[in-house]
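Here chain A shows up in two complexes: once beside chain B, once beside chain C.
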Partner chain A sequence: MFMREQRFSYLLIFPAVALISIFTIYPLLYAVRTSLYDIVLSMPFMKPYVGVGNYQAVLGSYYFRGSLLNTLVYAGMSVCLVTLLGLGVSFLLNSPFRVSGVLRILILFPWAIPFVVSGVIWKWIFNSSYGVFNGLLYTLGIVDSYVSWLSHPFYAKLCLVTAHIWKEMPFASILFLAGLQAVPRELFDACRVDGGTSWSVFRYVIFPLLRPVLLVVVIYETMIGITTFDLVYVMTGGGPGDSTSLLSWYTYAETFKFLNLGKGAALSIILALLILAIIIGYIRVIRLEEVY
Partner chain B sequence: MKRGSFVNFFLVHILSVIVLLFVLGPFIWIFLCSLQGEADLFVVPPNWVPKRVILDNYRYIFTGEIPTAYEVRGLIRSRISQEARYILPTLLNSFIIALAVMAINLALASPAAYAFSRFRFTGKTPLYIYVITSRLLPAMAIAIPFYFIVQSLNLLDTKLSLILIHSVYTIPFSTWFLTLYFGEIPRDVEFAALVDGCNPLQAFFYVLLPMAIPGLSAAAAFAFVFSYSEFLFSLLITQTLKSRTMSVLIASLANNPDVSYALLSVCVVLAIVPLLLIGFFFRNYVTKGMTITIFK
Partner chain C sequence: MLRKSVFLVVVLVVLGLGFNAFAADKTIELNFISWSYGVETVKDNISKFEALYPNIKVSYSDFSWFDYHDIAVQRFLANTPTDVMYGSDHWLQEWAAANWIVPLEDYFPDFKNYEKEFAPYAVEGMTYQGKLYGLPYYADMVVFLYNKEMLKKAGFDNPPQTLDELVEQSKVLKEKGICKYPLALCFAKNEGQSIEIFTSLVYSFANGNMFDADLNPLFEKDGAVYKALKFLYEALNTYEILDPASLTWGEIDLVKSFGAGNHAFTFVNKYNLAELNNPAVTNLAGQFSIALFPGETHSCVGFVRFYCMTNMAVKRGKDVIDACGKFLNYFGGKTDGTYVVPKRWALEKGLGFAQLPLYDDPEVVNAINQWGNVDIEKEQAKLARAKQGMTPFYGTWDIFMREQIHKALLKEISIEDALSASAKYWNDLKQKFGKK
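This part shows the complex of A and B:
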């Protein structure tokens, strides 16, 4: 019986695992191999083996350090804001008033929007000459003249983060809502009866129960944040200067603009390792067994 | 009513309005822009309420008839982005690809989830972890090799190559999601079916799947939305209208310094409409599916 069950299971799993393997393991090995050669498409006949040379060149380069820093700042800001705002909004979604029902439906809209479209919308909103954000600030008298937000190194980052939050916060809030709904009503009441304040209800009742979902949100958002590419491509193209050149953008530019495949592959491996390291770190901090 | 709940009432409503403004404001603005002539968009400060609502931009996209508003004005003679008219064929491509990805997800992820949630077999945990973590691989890491693989298979500029890679990126999530979802469905009915002479495959098709429709719908919606939104692989692989997707076209319009913003807004609105329908249709399943699967 067990043997038959086993064979049957393998049959059920095989198609999915096979498809995933073909398109992850093989490309990954291919990328590792590419990263060990100095392949530049503008010089197609010279592909010397350089070992870890590409990694050394990339890690030591000025642009890498800049884009790593940009990525960490960007991911840090977006993960924190998405998580905190998502948590806050989830309480609104869970409120007993009728407005929460409306909010629950409407808030899903940005989540379904592609990053590219979100980028286009916000690029137009932050437009330097006719953008509505400038118009708003101008009408309210906060600025005297229009500011070109996307051509300022720091503001451009904030614009990207805004578009990012707009798209990602709803998803986080829905996840947190699911977590909140799983908290039994009696627990609140019991804590209240025992004289707990709102803060202690949150700290000792809600928060511990939300930790699994917090782990999911933070891991997912970190992954999205670190690999952000679409928004940069649409909104800033890495500029002004290199101020919004994130790691994935730098990898893309190195590979498909400068046609330096070896270095591009090395960068993509570094990106993958970085994500792996961060996720392992999270799981250490918020222990995995709590998820199950 | 206690004073505390009164304060609560106002606080919740004020905050809800702020959140709604942030969430919906950009949609409303882009929708208003799509209804105006280009010249009406280029004013400082902007018209908060459109001066003149026209449907010319939409007519241009659908029929190619040049909007009358573009003939006036000397210096800021309005711009026409012919590229914007490609939005319809690219939307169709995106839609076909996303539907195929959805179907592949259901066909491959639900059997895998069935095995993971119901049977014991050697190597179950490592395989499960392998499937789930494969999603953590950043797209950029396999984009370069994938491009060359597709090139050597002569699959550049085909919908098939995009369908494959989008499936690879959505199946891990679908499998995880459905495994948890199936795990929450009581097994009694399946046992009854088995006792009555069904084989496990029949029990899966005739008993489990019908009971899991909300979960399957949510997984399908996720797969659809991912594929419809995907940009990097689409950018690398598509070249002509044969396979070009909506996201690539919109990015290309956005990076054109001479783009007509009115027409771009129309493209954005048209790209959003199918998603709003899907989102609205699946809204209960998405939230419910989440609640059931992640929290027991």
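This part shows the complex of A and C:
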């Protein structure tokens, strides 16, 4: 009886699993297969099997170390700031004030805008001739002439991170808000009665109960941060130089500019493994089983 | 028996008539893609072409110039229907080697006859392994433009003839407060024109070459390539006459800033002069002029963008190939003895052309002189040279070279290191492609 029920369960979920497999597992396996061959589109008649040759070539390439560092710095800054700011904003939204309900809706607008549109908006904001940011700084007397922010390697990175935070922070804040609202009020009261300060309340009551949400936020934002491509493509094109060229940019460049499908696939697999390693690290550090 | 025979004959006649009717009504659809320039003009040209050939319908799509190459590659890979399209001399080797586009003379032998009327650098740019792959959409040059009002204000009667004069005039413009950055370029990392501008600077030096006849890079210290990069480095860092924003600008950004009167000098594609001197577009129309490319040789890059036919079209069969031939001939060749479409681009948009007989057309000469100078243009065209190093791996190397140029300009690495790395990467690619 139990076996029949089990088989029936599998049968019911089989169509969904099959569909998902076609659009996720098959492309993944195909990408792995592609990464094992030397496929250069401008040499269409030779596609030799090279095993891990593409991986070695990519790891030893002129761009890998620099772009890996750029990616880790970009993702690190984005994740930290999105998480911290998201948490801060969620506390504000959780406070009872007149327009908090409306703000909770409005705050999602940046997140709803596609990265490409977001990139264009921020490229215009930082424009060296007519950008609003320059206009503001000039009006306040902070600069005596407009600055070309996107042509400076360091500032270009900061501009990208700023655009990323603007886009992603709202979603993090909504997730944290949901987590905050699930914390029982009695625990706050109990802590205060025991003489706890606001910091104690946060440290011993709120933070432990927010850990599951925190895990979701950092995992999600890490994935977004490491795989960000469209924002970079639109705002800086990977420049100036290679200062904003992330691994995702070179994955695109290998495939569509250099026409090397094998290396492009290898780089994308490496990117996926990097994300997986970081997620495993998160899970171990945050240690959810200690919460309850 | 007789009735049956008559019936059979009638059926056959009806079938025959029906087949002819079907054949006569058979419409061939061509899929045409281009980058987004003058889209309304392109659509109008397509309407006129369809009116001339009612059984050919053209399905047209346009894409941003910045993304065009990558989108074209995706279309080739996915076999997205594409029969005729825009191409460029710097992609020809790559696309022809991948067998994505086909030699036109194999399908339309008459097209070979056009070559003697095309500018030599244009023919060179459309030829791969000795075969003609395109008919010109337009051909143009990277030219030197200047703001004559700014120069007058600074006390100069003539534009600079050499790069040293350009630096000296720029210093004066800067000192007098006429403009903060007299020189501006479109050197964004994703701007494909940047390598053409850089190559033009190389050509402006005596014996200026990027590669030798065996495609070995000539990037040694104190060579023309070194001098070109040193000029840019000093313009940006030493004299501060080059706008740092140039490293983030595409062509459109540059033309907007130049047209707003922010700079006195630029190197850019010639057709932009028509827009700059168009009163409907800018308040400063009439202030901008063309001069011979400053340098020892006054040489510059001449390039060609062309119409080509894809392998996908060939696979669709003879009717489609014939239709493509008609399309290519209408858009890039002659109709009733005239280069109708290239002439229209020249008259309405100021686009340059590879079809040399158009320089003898009084209408074209008058149109050019409205915003430019046909004599200087003709003289510059004689000195224009095709880009060197056109190989299937040029595009790959180009991305790397742009990064190295940026890094040298930003003082992240020395000029010597930038050129040394670029030369090594070129040689590595050459060996890889040569080995295979």
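Simple rule for what comes next: the second predicted complex is superposed on the first by the 276 of 292 C-alpha atoms of A that agree within 3 Å, B and C clash if a C-alpha of one lies under 4 Å from a C-alpha of the other, contacts with A are read in each partner's own complex, and residues count from 1 in each chain.
Here is the rule we use: a contact is a pair of C-beta atoms (placed from the backbone, for glycine too) under 8 Å apart; a residue touches a chain by one contact, two chains touch by 3 or more.
Just so we're clear, the structure is a prediction, and the values are computed from it rather than from any experiment.
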Counting only touches as set out at the top, which of chain B and chain C does A:275 meet: first, second, both, neither?
first
Touch check for A:208: first (chain B), second (chain C), both, or neither?
neither
Tell me which partner A:237 touches in the superposition: chain B (first), chain C (second), both or neither.
both
A:184 in the overlay: touching chain B, chain C, both, or neither? Say first, second, both or neither.
neither
Partner with the higher number of touched chain A residues, chain C or chain B
B
Just checking: does A:128 make contact with chain B only, chain C only, both, or neither of them? Give me first, second, both or neither.
second
A:259 in the overlay: touching chain B, chain C, both, or neither? Say first, second, both or neither.
second
Counting only touches as set out at the top, which of chain B and chain C does A:106 meet: first, second, both, neither?
first
Is A:120 touching anything from chain B or chain C once the two structures are fitted on A? First, second, both or neither.
first
In the superposed arrangement, does A:148 touch chain B (first), chain C (second), both or neither?
second
Please report the chain A residues shared by its interface with chain B and its interface with chain C.
129, 233, 237, 252, 256
Of chain A, residues touching chain B in the complex
2, 5-6, 8-10, 12-13, 15-17, 19-20, 23-24, 26-28, 30-31, 34, 89, 92, 95, 97, 99-100, 102-117, 119-125, 129-130, 132, 135, 138-139, 146, 166, 170, 174-175, 177-179, 181-182, 212-213, 216, 223, 226-227, 229-230, 233-235, 237, 248, 251-252, 255-256, 261, 264-265, 268-269, 271-272, 275-276, 279
Touch list for chain A against partner chain C, complex
41-44, 46, 62, 128-129, 145, 148, 150-153, 233, 236-242, 245, 252-253, 256-260
Please output the residues of chain C touching chain A within their complex, sorted ascending.
69-70, 73-74, 76-77, 93-94, 97-99, 180, 188-190, 243-248, 256-257, 260, 262, 392-393, 395-396, 399-400, 402-403, 406-407, 410, 412, 421, 425, 433, 436
As the complex stands, chain B meets chain A at residues 8-9, 12-13, 15-16, 19-20, 22-24, 26-27, 29-30, 33, 41-46, 107-109, 111-112, 114-116, 119-122, 124, 127, 130-131, 134, 136-146, 148-149, 164-165, 167-168, 171-172, 175, 200-201, 225, 228-232, 235-236, 246-247, 250-251, 253-255, 261, 264-265, 268, 271-272, 275-276, 278-280, 283, 286-287, 290-291, 294-296
